[in-house]
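Below is one structure, written out as structure tokens; the observations come after it.
All chains are identified by letter, namely A, B, C and D, in their written order; residue positions are counted from 1 within each chain.
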């Protein structure tokens, strides 16, 4: 059945809340169905105790989720936008991610933080950021970045069932994208990169919103006789370095596309990890396509200039293939 | 100091309120026509708060506001054409089209910006207050925020900081009873947010935020106090937004009842002002005419202004 | 419910206080001998607060504490040998030597941890309270924090959250008058931190934190209230730390005067307890003997425990 | 004259506060001279208005610094530990760094955030972190990472005079390290990597606390006939990619050492940037030496296992040079 990305999230949460009564959802305005298709209908089905509106107190309610997790529940947080997580990152990075280790294994923190993010809809500098790269440096936290409805559903279910804190990134520009997804229950393991299209000449590693840009780029490239493989890591902590490297060893060329800024982005880590495994196979330096290193302007044209797109990917591919 | 007020000031106050109303109505109309880049949050219904306070400020006093900041901006004297151009995403906009509606600022007029992260403006306002404290020129800064923002930790930290350092900062909470779809009765543990002033040993007062003169009265005391170096005040204006929160929610029917909405519409701050300020029908027409012309000019300016050039994307990042 | 108390309970209360005192003195001594890994913050002088509150809790009630958390841990029944081993950095420590003094926890005893980021335990305590609220088993959770922490935004957000959701959380502020070197009179805008309860429409009470029975009285009311589902209470215990903040600052002479220190020493909570609880000299000796033996055993356990193996560095990261 | 790292900071602040009365210092306990040699004597000289104790309100006082900067002052924040910045990062990354851009150039934010960080002194998981990699993803913010007293003084002066927000990282384990530094006024430009030792066979890029480990490694390597060049980027935003690359082009081998975690660390960005410039020169993949991807345990032996050191650098060098 065709479902949207938002519907996929909705189904995953709905089914998991049916399955396990310890699962509950918190966030600003989550109890109002009309606010987002991702949470529509949940409060009607599960009540406002389990689908719980919060005050605008990001630090407070995030910490409350951590505490509830410590005491045996399985909270899902809806952050509405990852940008707001700057206010609560202490509870995630200093507490949730470290607690188990720091307390010598006495607790586990089965917490999912759903973090919608990204640009492309003129929301300006403080409402368009991609911050997943920060969370790579946080051992104890898993980071999931789905690129389409089908993966989103299975990965969200895996996240909810995981006994560790999971940051679940949702690119907002994907919310209305549709895809055939199997109905009912399925999970997708972490650290399993997914090959979205096979190819021989170059590997395009796309993250989140950039998988579709890689796919369009690959289509265009096909027309000029370049066969690109598109691969999606799906989780970045843990990262399927072997899966990604195998593709690059095969194609001997690689471009990495992400929506975050280039400087210090996830692409840097992916690049660094695979270069050490593929060094002797590589015919050219790995290129990164990412947002320009400026804040995301609200203005439509300027925002377009800043964000990555399939043309920029194509041009990077040409640079790589023309390298000498 | 009692608040003496001249006939001329009456007119200015009323006209400022009309200016906000007209700007917002126009902005909303343009938004629906797809002329506005990004989202907007209009403040129709809340004009008495912005004008009541800002009519008492000098140009070298400061304000900081929120995502719902057009009203405060206009009341503080922000240039309308450049403001409209910002909504249009033009290079002539106040923020050169980079910040949009949620970041309107006109520092030349003492407007230190709308800030889109709820609650983030209060710490920054404390800092502007600290600068004024250092400067010793009797300047004051007013920070506007919503009932929702009053549950942010930044509120607590900033109130405490301004109190212990006796900074000239006025905390003005526009309690419009909702934070997005969430009722203040649900999200806030107290009915009157102004009682929270007690936690910081500063005056706290709740005022009818639909009555510009009442707001002025209360704000005046707070401003005097701040100018004398006696520290901050927390003011809560009870008010209501006549439109939905932002782009998509209806005026009523979803999380607000029609009867509630009707009740608040009856005390429209413009009607209250007309009566209390004794604005005659002729004067009213005169003010509206002036304002409508200004708004039309602002729109024309915005329409005719160019988009930013590609190079501008790299500008203004570093000083 | 009036607080009936038996002779036996008197003994237990006194002994708990002695246990904390002895543990802390020993820990401090060992710290100076270089036996302790990392820093420690001892709570000598503040025993009446920890014991006053925790003596009223069941094992399935929860606590969360701070960097200065040994006292609360002991009062809640935390296992002493494993706690001492944690200070020693041994694999038998409560946190397997990964967390150290600032992260003592014994979840089996309802102790959800000391938390080293000032103010961070309050949001987590709200969450434990939320879990208890879901469970409907009349459990309560107490979160201890300092006067310094009461100026963190997390305090505000958590108090509000617990109030609107009527969560069974007791906020116990140990106002020992200093946050590191900073006086509460400087950093806090109010003299009694308990007045801040008004901002959340919950009871707030200040109590003599040197008197274990007074603390118990007040805590009992708060706990009853919480068990009945009536929500949180803010309690402030006025107290004093007899030692410096942490590793290097002296008991007095730097930011605290000797006379102030002397004055507080006169109301040493152990002396107050001996008198109020009517502990006879013989009983006193008996309790101290028991405790000293326990502490000696704890030290012996810690001394003889092995260091963690290299592989342990990777353990306990993921569940 | 020999001065310690902490004295270097102290001199820089002292001299800049003498020079420009708009400069002031805020932070927890900064007014008590005995608290830290970095701030000793400042409150006595400049008074408690300009050397200002704050309550424990990281978000509040950081925002106050941003506001004061917006209104024409030049605040220096003393964060005591970077770990606490998680509570105030909204004011840094969402506000300070973006304000100038977001308000179309109407304001500048001349703010210095001094952030002591790092491990090696048994301070445990929440008091030993290295978080500079997060700030790479924050356009509008400059990030400075000095490795010794001489650089620290010049770079701090440059930071204080810069009209933009600057995050100034101070590795605490360096505080008592001594070095000859010239007296009086001097500044050091950003984006100018500094060669600490010349060499021919391999480039060791060290960050902050790891420069000294690279130096000891180089000394050891010398004994077995390996000539290592040691280079310190000194600032990571902006990063002197050309300077670093020039060295790698010369030596054709590279190891990068940092104290942060490997996954998503600064090393990933450095590696990614230079590989594209040095691709054809490289004889082996660039290796990274960093903290293990677990929280920093308080226990002495475990902490040592987690942190990088000169032995780990030497072993990485051997891996690189033995690559085939």
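Going forward, a residue touches a chain if its C-beta (ideal position, glycine included) is under 8 Å from a C-beta of that chain, and two chains touch if they have at least 3 such contacts.
All values derive from a computational prediction rather than experimental measurement.
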| item | value |
| --- | --- |
| Distance-maximising chain from chain B - centres being C-alpha averages | C |
| Of B-D and C-D, pair with higher C-beta contact tally | B-D |
| Whole-Å gap between the CA centroids of chain C and chain D | 37 |
| Distance between the centres, which are taken as Cα means, of chain D and chain A, whole angstrom | 29 |
| Approximate Å spacing (C-alpha centroids) for the pair chain A, chain C | 40 |
| Sequence positions of chain B contacting 2 or more other chains | 97-99, 103, 117, 151-154, 156-157, 160, 164, 186-188, 317 |
| Chain D, residues touching no fewer than two other chains | 54-55, 57, 59-60, 83, 86-87, 90, 94, 101-102, 124-126, 139-140, 294-295, 297 |
| Of all residues in chain C, those that touch chain A in their complex | 62, 64, 93-99, 103, 105-108, 112-113, 115, 117, 120, 122-132, 134, 153-154, 156-158, 160-161, 164, 315-319 |
| Contacting residues of chain A [partner chain D, same complex] | 59, 83, 86-87, 89-90, 93-94, 97-98, 101-102, 124-126, 131, 133-137, 139-140, 237, 239, 260-261, 263-269, 271-272, 275-276, 279, 282, 284-288, 293-295, 297, 323 |
| Chain D residues within the chain B interface of the complex | 24, 49, 54-55, 57, 59-73, 75, 90-91, 94-95, 99-110, 139-140, 163-164 |
| Interface residues, chain B side, partner chain C - complex | 151-157, 159-160, 163-164, 186-190, 195-196, 198-202 |
| Contact footprint of chain D on chain C as seen in their complex | 37-39, 89, 97-100, 102-103, 116-119, 148-149, 151-153, 179-182, 186-188, 249, 254-255, 307-308, 310, 312-314, 317 |
